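Below are two complexes that have chain A in common, paired first with chain B and then with chain C.
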Partner chain A sequence: MANDREVLREIWEGRLPVCFQLNSEEVYSLQAPDPYYLMVPRLSYFPLVTDKVRKQFVRYIQPDKQEAEMWLDFNGQALRWHYPIGVLFDMYVSDIQLPWNITVHFDKFPEEELLHCPCREAVESHFMSCVKEADVLKHRSQVVSSMQKKDHNQLWLGLQNDKFDQFWAVNRKLMEASGDEVFKYIPFRFYCGEGPFIQRLVRPVTEEGQRKTLQHLIQEVFPNETNRKLKLMCHCAVHNCKDVNN
Partner chain B sequence: MAGYVSWEEFERCVTHLLTISDRLADGWVLHNKEAPEAAYLVKKVTVPDASNKTDIDASVLLLEEPLDDILEDKNVIARPTTGALTWEYHVLYSHSYCVPTLYFNAWTTDGRLLSLEDVWRRVHTKFQRSLQEDRWSVLTQQEHPVLRRPYYWLHPCRTAQILGCLQGRSPNIVITWLSTVGPVVGLTLDPQYGEITLSE
Partner chain C sequence: MSGNQDTPKLDNTDVPETGNDGGEPSSESQQTDFTGVEGTKSDKQKIDILLKATGNAPIMKKKKWAVDPDRKIGWIIEFMKKYLKLDRSEQLFLYVNQSFAPAPDHIVKNLYECYGSDGKLVLHYCKSQAWG
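The block that comes next holds the complex of A and B.
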């Protein structure tokens, strides 16, 4: 898996055009600011790429809101910053026209819906806990716990600064089979609307020793659904495969 | 393997915990029963806020009045500090880690959710030192896997290690675990849980 360098790079370089607009109700200056356009990496997280958006819009809002936490919505739905940008895009893709129009807020933070993101450490902590959980599933946590702090930092900085080589030098270890054994379980999550997400323990090989495909995984998790009824968006953010399947 | 708890074991322990809770009228309730392997325990308690001194509303102190006047005015200082906190604890099973996990939220009486900083500050003094070493990998906000809403969450990465030391010595590993990690965030289990478990 870790040998498909070109594919990995293509996925890493996936970008989405986004048009950020300040919520019109929060405009305090005489003139509303122009929209702000960015190409954002699919594999990144919004708080890592929106510093400039904040800087641009903060001058146009009420002075007493300028220290407030910024949050984003699409079509009235608050965007969960702790999902990779590509996952969020795929969740709402049927309603999205490019560029993706996102509204920027500084007021009325929806505390019931969104995790707070007071600083980059919050993103790092979330990212690392996802990496750890995935490693628990793949290698019973043996790889992450054998890594040094500097490896963790390199992985995180690679993602944060969009450095493919830096990231993959460490992530490679997380994606290798330990000895002859392939992964213990496949790390995945199915998001179906706003309901609970679905996670199961699924082994990567069948009882006959054959490697499982995405098809196997879907059949195992949704045994009663036929493929035609399922519209599936697949995005393994940390583990780099993206695939759209109707 | 040492420290891991199977779903079946978790379910057995939780059922047992619920019967004790009913007997003691302790308030634990099972949620999400219908979903396969996703039921979880919930308990809500309102308790006096032990560390509310740090909560004095900054705006009160910014008033252009002598501090003594403010401090003497009981109405001013009483408002933000006479607090009780409502805690809601959730015990969920993590299929990835194969251990129980603790989620919770805490609100002041006027309905304000405690911030992460507030929660860190309220972590039991005995655990403050280990918290300060690496608080971002110990206790953070996380999406509740069932409710999909923000809850505070004690990271489960070392739970299996802790349980490994306790397993085999405890007839109910969930009770043992909960009475070990609960106090970190203000959740104490009545000692009768232990007594009843051992006497059975």
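The block that comes next holds the complex of A and C.
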């Protein structure tokens, strides 16, 4: 993994230009606020990068809504804060036009579609759960449980503060093979439109000891759909996002 | 997957009934409530889950349930809170492999496929965060 440093860096530095606009129905002041533009990291989560957006728009809405939880939508599709930003973009933006136009809401929280995000700690515990789950698959949870609290903090702060070196100094251990064995299983998720993602147990090598390719993975998870167009996103301890047409 | 006839079924329609039941519903009445709904038997094989209390969490009288594969963890948590008569504001955490808490929109099928063993998925629950 360490040899892929440049690639990891490129992925880490992936950014998306986003244009945030307050939902026009929620504008309470005489004049609607200007849109707010941000370059956001693909690997981050919206609640970590939208404090300024909230600050900008909250003055323009009804006073009794100002404490409400902010949520986002793209084309009427509520955006799940607990998916990495890059995954959301790849899921919903098929015809790429930048900047990505996102509508900001404070009213009518879609309880059925979104989880609440009361604070940054909620993002942290979600993120750490994902890291732990990935480690259960890769190393039977041995690496993450041998880490100290300060390692967990460093991983999280690295992501939160966009510090590549800080993050990878710890994440490196999570991506190493333990002894002779490569990963036990490959952590991955297939996001299929709005439905739940698909996750299966897949070993990294074939029975003949050959390393599996992406094609193997797709065939294992979708044995009957080899001719259909699939859009694939890979999500592991560090969230690499790629589109693949099969 | 569930082929176990003894396991009560956990269905959407059952939740309000459970919520209105007495404090400690008897095992028998649960059996009737949860297996008696013929109409909801779908083609999909249900998945057996085993709920184990940890720490200070109250014990569930019935620990083994059969659930639809596409049920979300959030739905199971809500069901358990009703079953255990927890206050809405009280928290309940579910853990897989005693190591991580799946997100509320994680579905049972994915978890069973990856972490199930002996034909069932074991979930530990507690009222405070146990494994971080």
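We take it that the second predicted complex is superposed on the first by the 226 of 246 C-alpha atoms of A that agree within 3 Å, B and C clash if a C-alpha of one lies under 4 Å from a C-alpha of the other, contacts with A are read in each partner's own complex, and residues count from 1 in each chain.
Going forward, contacts are C-beta pairs under 8 Å (C-beta built on N, C-alpha and C of every residue); 3 or more make two chains touch, one makes a residue touch a chain.
Note that this is a predicted model, so its numbers are computed, not measured.
Peer 1: Taking chain A as the common reference for superposition, should the pair chain B and chain C be classed as clashing or as fitting?
Peer 2: Aligned through their shared chain, the two binders clash on chain A.
Peer 1: In the overlaid three-chain picture, which partner chain does A:Glu6 touch, first (chain B) or second (chain C), both, or neither?
Peer 2: It touches nothing on chain B or chain C.
Peer 1: Which partner chains sit in contact with A:Glu25 here, chain B, chain C, both or neither? Use first/second/both/neither.
Peer 2: Once the two structures are laid over each other on A, A:Glu25 reaches no partner at all.
Peer 1: First (chain B), second (chain C), both or neither: which does A:Gln199 touch?
Peer 2: In the superposition, A:Gln199 touches chain B and chain C alike.
Peer 1: Now for A:His82: first (chain B), second (chain C), both, or neither, which partner does it touch?
Peer 2: A:His82: touches chain B and chain C.
Peer 1: By the touch definition at the top of the document, which applies to A:Glu67: first (chain B), second (chain C), both, or neither?
Peer 2: It touches nothing on chain B or chain C.
Peer 1: State whether A:Glu208 touches chain B only (first), chain C only (second), both chains, or neither.
Peer 2: neither
Peer 1: Who wins on chain A residues touched, chain B or chain C?
Peer 2: Comparing touch counts on chain A for chain B and chain C gives B.
Peer 1: Touching A:Glu124, do we find chain B (first), chain C (second), both, or neither?
Peer 2: A:Glu124 contacts chain B only, not chain C.
Peer 1: Overlap of the chain B and chain C footprints on chain A, residue-wise?
Peer 2: Looking at chain A, the two contact sets intersect at 80, 82, 115, 125-126, 128-129, 132-133, 136-137, 141, 196-197, 199-201.
Peer 1: Mind pulling up the chain C residues that touch chain A in the complex?
Peer 2: Interface residues on chain C, with respect to chain A: 70, 72, 74, 96-97, 99-107, 110-111, 113-115, 129, 131-132.
Peer 1: In the complex of these two chains, what residues of chain B are touching chain A?
Peer 2: The contact residues of chain B facing chain A are 1, 32, 35, 38, 95-97, 113, 115-116, 136-137, 140-143, 145-150, 155, 157.
Peer 1: Can you check the complex and tell me which residues of chain A touch chain B?
Peer 2: For this pair, the touching residues of chain A are 80, 82, 111-116, 118, 121-122, 124-126, 128-129, 132-133, 136-137, 140-141, 187, 194-197, 199-201.
Peer 1: For chain A, which residues are in contact with chain C within the complex?
Peer 2: Touching chain C: residues 80, 82, 115, 125-126, 128-130, 132-133, 136-137, 141, 144-145, 152, 185, 196-201 of chain A.
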